[in-house]
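Look at the two complexes coming up: subunit A is in both, with subunit B in one and subunit C in the other.
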Partner chain A sequence: MSEETRSFRVYRYKRGNGGERFDEFEVPVGPHTTVLDALLWIKRHRDPSLALRHSCLHASCGTCGMLVDGREELACVCSVEDHGSEITVQPLANLSILTDLVVEMNGFFARFPHEHPIIRASEPPPDARGGEIHLEGDHEVTLDPLPGPLHYHPLHHDHRAAPPGADFMRLEDCIECGLCLSACPVAATSRGYVGPAALAAAERLLEEPRGVKREDVLAWAGRPEGVWRCHVGLECTRSCPADAIPAERIMALRRELIFDDGDPKERE
Partner chain B sequence: MSRPANNELPGTAERRIPGPVHHKGPGPSESGWLDPRGRGHGGRGLALHRITGIVIVFYLYLHLGVLSMLLIGRSAWGSFLSLVTAKSFLALEVVLIAAVLFHGLNGIRVAFVGSGLAVRRERALFWVGTVIGIAAIIFAALHILGAL
Partner chain C sequence: MSTRHDAHVLIIGGGATGGGLAHDLALRGLRVTLVERGEVTSGTSGRHHGLLHSGARYAVGDREAGVECIRESTILKRIAPGTFECNDGLFVAVCEEDLEYLDPLVDACTEAGIPVQRLSAAQALRLEPNLNPELKAAVRVPDATVDPMRLILRFLATARHNGADIRPYMEVTGLVRHNGRVTGAALRDHVTGKTGEFNADLVVNAAGPWSGQVAAMGGATVPMTPSPGVLLAVRGRFCNMVINRMHKSADGDIVVPQRGLSIVGTSSWVVEDPDELPVPEDHVERMYTEGSKLIPALRHAPRRAAWSAARPLVGSGGAATGRELSRTFQTFDHAARDGLEGFVTITGGKSTTLRGMAEVCADLVCRKLGIDAPCRTREHVLLPHTAYYSEAAAA
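For the complex of A and B:
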């Protein structure tokens, strides 16, 4: 019984060792083979110098983002079954390439606003050490103080900072994979554009500021290289593997900038 | 192996040189927005919006140039009119109307979505605009080419 194979065209680049090129490999595949499986097979059996990033293998860490047949995918959950007999694999676009399929992610993280304690530190606020916490709406919840060091608990989110009835979209879902920046057609032509993930993170800050000044976030997002650079291609939302809907977040920021009349808490 | 004089590890200077930045699409690196492969309706709409925008600007200057033929006189204008009333030329008018319709209707969609007013209706807006645009193009084509 002959084994089914797919032809992989893999982008190659080694610093100081010639230019860019594509190498072709015939890879045996099964019904559940992912692109990452195929690339690791190439690395083990054909070319150990092939460089790629990966970690969790279940679309959670966001490290294996790459272009598969020109489209942004997480290689660990991208089935070869969904592609043709020849599959082209390239590094993410709009980011400097370190080697082969590995891009310099500093070019992605450097775009984020400096103050984004929730998104980056992923820690509960200082006043979440326990005690009374009053939730908005019909429910009022009182928690006992937690002993010892700071512990995380879902109910410890500081809902007092949010406007009543706020539609919480958990941008913690963003796995910071960089796929949205690669897919963004504006980032291809505008190097200064901060990009979808950073703007979505800023919008998330408006929902739960936790000490960050609302006007600072809006001033940061309202710069020429901020929300106004977006041309509504919506490729970020389409490419997002975590359904963090960054385009919708950008438009919400714009709405805030257009119709902003101060802090929601002060309006009450 | 001896270290360089500045006491850096071998290869440090090479690592400081930024690697190439890959972009989608063939040609110059900044042409990535133009490549429709791997894009959805939003990305393709954006590319077509830019292309039709360039076409409309080009037409504006062409239009001004043509109007300036009036300065030459009646004979130049008359011969020009016989050219532009040919069926092949009228077909180009249909292409121009299609470009204007797409640019205008997509612009309305972008304005609504871009101001945060109809983000969740974005796809519906796109298809409503597409249906209106196609109907208008068919009507314009039949009218211009003399079938109506």
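For the complex of A and C:
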């Protein structure tokens, strides 16, 4: 590791141990060091009590969201090279803090419309209640017949860009990291606002209703805590590490609410 | 409703191994507490390439692991629908030499019960137009992409729903021993900073590549070889199926599409301490070089992240790269092995086989505690991963 170091100011809080504070650490860094690498170095070599969330280390699980110099980042893909000699790290905003850099993600998930299924994957929905099913033995797996010529959509980040007849499925883009909620200026001042991720999920339900009534989704989105609170600051889309473009989906919901006459065919 | 049992089991480790076991034991009606020193899945389980193994990768050299993978991946697709991209996988031969692996691969898969289909180069290129146009032949197998963290969250959420206490940010600092028996663990709570002891009727070490260190806390031994590999994530999705190189396991032999990313893996070496995992830049470069032999466009794809993950391989020193060690799992009853009662280790294996590993370990746990309760995890559809957080809110 090179001799170069950066100074990290890290937010600390332990329940029942007085108030919050910042601790400072000098951390050796190299050309590819990320903020997460630096925090794990601190935990390993300076203070094992530092608590933080991380899992996949490649911006796919949405676990290591935090404020780096005041901006929402996934620490695992936030290069220290893009920051100065002193780097300040804090937990995400608009969520309650459990300890140190760890926020309580139930505050994020509680905003989703629980009366509706939340679309999490591009395949048939699971039985949301769980429970027993009948399995016909372990080795019943077979390959489906080879598909015919397939529509190929290599880089679409948006389900609507998938051409009709596409036979492949992919997991949803939203990785539920909470960065959009933290970055949203409306969520900061308006406690009840459901926020960008939940509204974007509702818009996905319009796209792929899975038995949910269109009017129910629109009624949920059109509530006082819903789409009309958005000030179109676009901070959600700016902060999104997965290119899920929540602001565009919020605007699409507004469009649907304004032009909705109950008959999708006549909306064009 | 299952019968409730009074026996209390403490599981150390909140990854695939511990998560699977917590669910199995809770479903059998045992009292379960799981502790994890950080966030759940913060060790190895969250950071693999996202392949749900059909078993084809292991069929030729490690048939037992191959058979386990096809059995368990089939069950997982049914008990955790929505957590996978079930787009199958291809093994592709990109040079004449690779073709020598074709017949052995097809034969071994057939023997292991893994469905295989031979494809011509033209058929494969129609499925995946970004493949190396030099491609000679391909074999299709039921590989899939899995969301690693969400799969385990579903096991943990269901365990919680069935009464298990799941405690992240709770670090084991020692094992408590009385008269040749492990009776609990010393813990540090990173939420409050407080320390304390936790008593249990049985302690299970499910710490993956750290299981050697945890066993040592009790004076027991586990033959554990942490074997890291480097993985590379690039921006862009260049294939929809999992693309494997058609030769024996080697560096950079797989590309897994995951949402809008492509994951190239992996290298393999061995280390002593799974907390010290470097990411050698020459390994990252090798992922680019080898990965682009499968899909040439990867060569210039922008780097999103490069990282290391430590496989928990069961076996002893002498292994140079880790590739010679089996991917199957083992349970150790430390009463028989080290004369230490009340302490069991389950380690090795893969995320793909977490349910089966849990079944074998839970059978051992129940036998030791004198509890007669059958495994029910094959038939139980897991709660969605979001239930992990709503249960936390209710707790």
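Simple rule for what comes next: the second predicted complex is superposed on the first by the 206 of 268 C-alpha atoms of A that agree within 3 Å, B and C clash if a C-alpha of one lies under 4 Å from a C-alpha of the other, contacts with A are read in each partner's own complex, and residues count from 1 in each chain.
Rule of thumb we're sticking to: a contact is a pair of C-beta atoms (placed from the backbone, for glycine too) under 8 Å apart; a residue touches a chain by one contact, two chains touch by 3 or more.
Note that this is a predicted model, so its numbers are computed, not measured.
> Among the partners subunit B and subunit C, which is in contact with a greater number of residues of subunit A?
It is C that touches the greater number of subunit A residues.
> Give one of first, second, both or neither to describe whether A:67 is in contact with subunit B, with subunit C, with both, or with none.
Only subunit B; A:67 stays clear of subunit C.
> May I ask you to decide whether A:251 touches subunit B, subunit C, both, or neither, giving the answer as first, second, both or neither?
first
> Please indicate which partner A:15 is in contact with in the superposed arrangement: first for subunit B, second for subunit C, both, or neither.
both
> By the touch definition at the top of the document, which applies to A:104: first (subunit B), second (subunit C), both, or neither?
both
> Considering only the touch criterion stated at the top, classify A:92 as touching first (subunit B), second (subunit C), both, or neither.
After superposing on A, A:92 lies in contact with subunit B but is clear of subunit C.
> Classify the contacts of A:186 with the two partner chains as first (subunit B alone), second (subunit C alone), both, or neither.
After superposing on A, A:186 lies in contact with subunit B but is clear of subunit C.
> Based on the superposed arrangement, let me know which partner A:49 touches: subunit B (first), subunit C (second), both, or neither?
Only subunit C is touched by A:49; subunit B is not.
> Go through the superposed model and pick first if A:232 touches only subunit B, second if only subunit C, both, or neither.
first
> So which bits of subunit A does subunit B touch that subunit C touches too?
In the superposed arrangement, which is not itself an observed complex, subunit A uses residues 15-16, 98-99, 104 for both subunit B and subunit C.
> Using the touch definition up top, name the residues of subunit C that touch subunit A in the complex.
Touching subunit A from subunit C are residues 38-42, 46-47, 50, 70-71, 73-75, 78-88, 113, 115, 117, 119, 123, 126-127, 129-130, 140-142, 145, 147-150, 158, 161, 169, 171, 188, 190-194, 231, 233, 236-238, 240-241, 257-261, 263, 275-276, 279, 281, 304-307, 309, 378-386, 389-390, 392-393.
> Enumerate the contact residues on subunit A facing subunit C in the complex.
Residues 14-17, 32, 34, 44, 48-49, 51-61, 63, 76-77, 98-100, 102, 104-106, 108-110, 112, 114, 118, 120-128, 130-135, 138-143, 146-147, 149-150, 152, 154-155, 157, 168-173, 175, 242-243 of subunit A touch subunit C in their complex.
> List the residues on subunit A that touch subunit B in their complex, please.
Within the complex, subunit A touches subunit B at residues 11, 13, 15-16, 20, 67, 69-72, 90-99, 103-104, 183, 185-186, 188-189, 230-235, 238, 247-248, 251-256, 258.
> Of all residues in subunit B, which touch subunit A in the complex?
Answer in residue numbers: 11, 14-15, 17-24, 29-33, 35, 37-40, 42-43, 45-47, 49, 109-110, 113-117, 119-120, 122.
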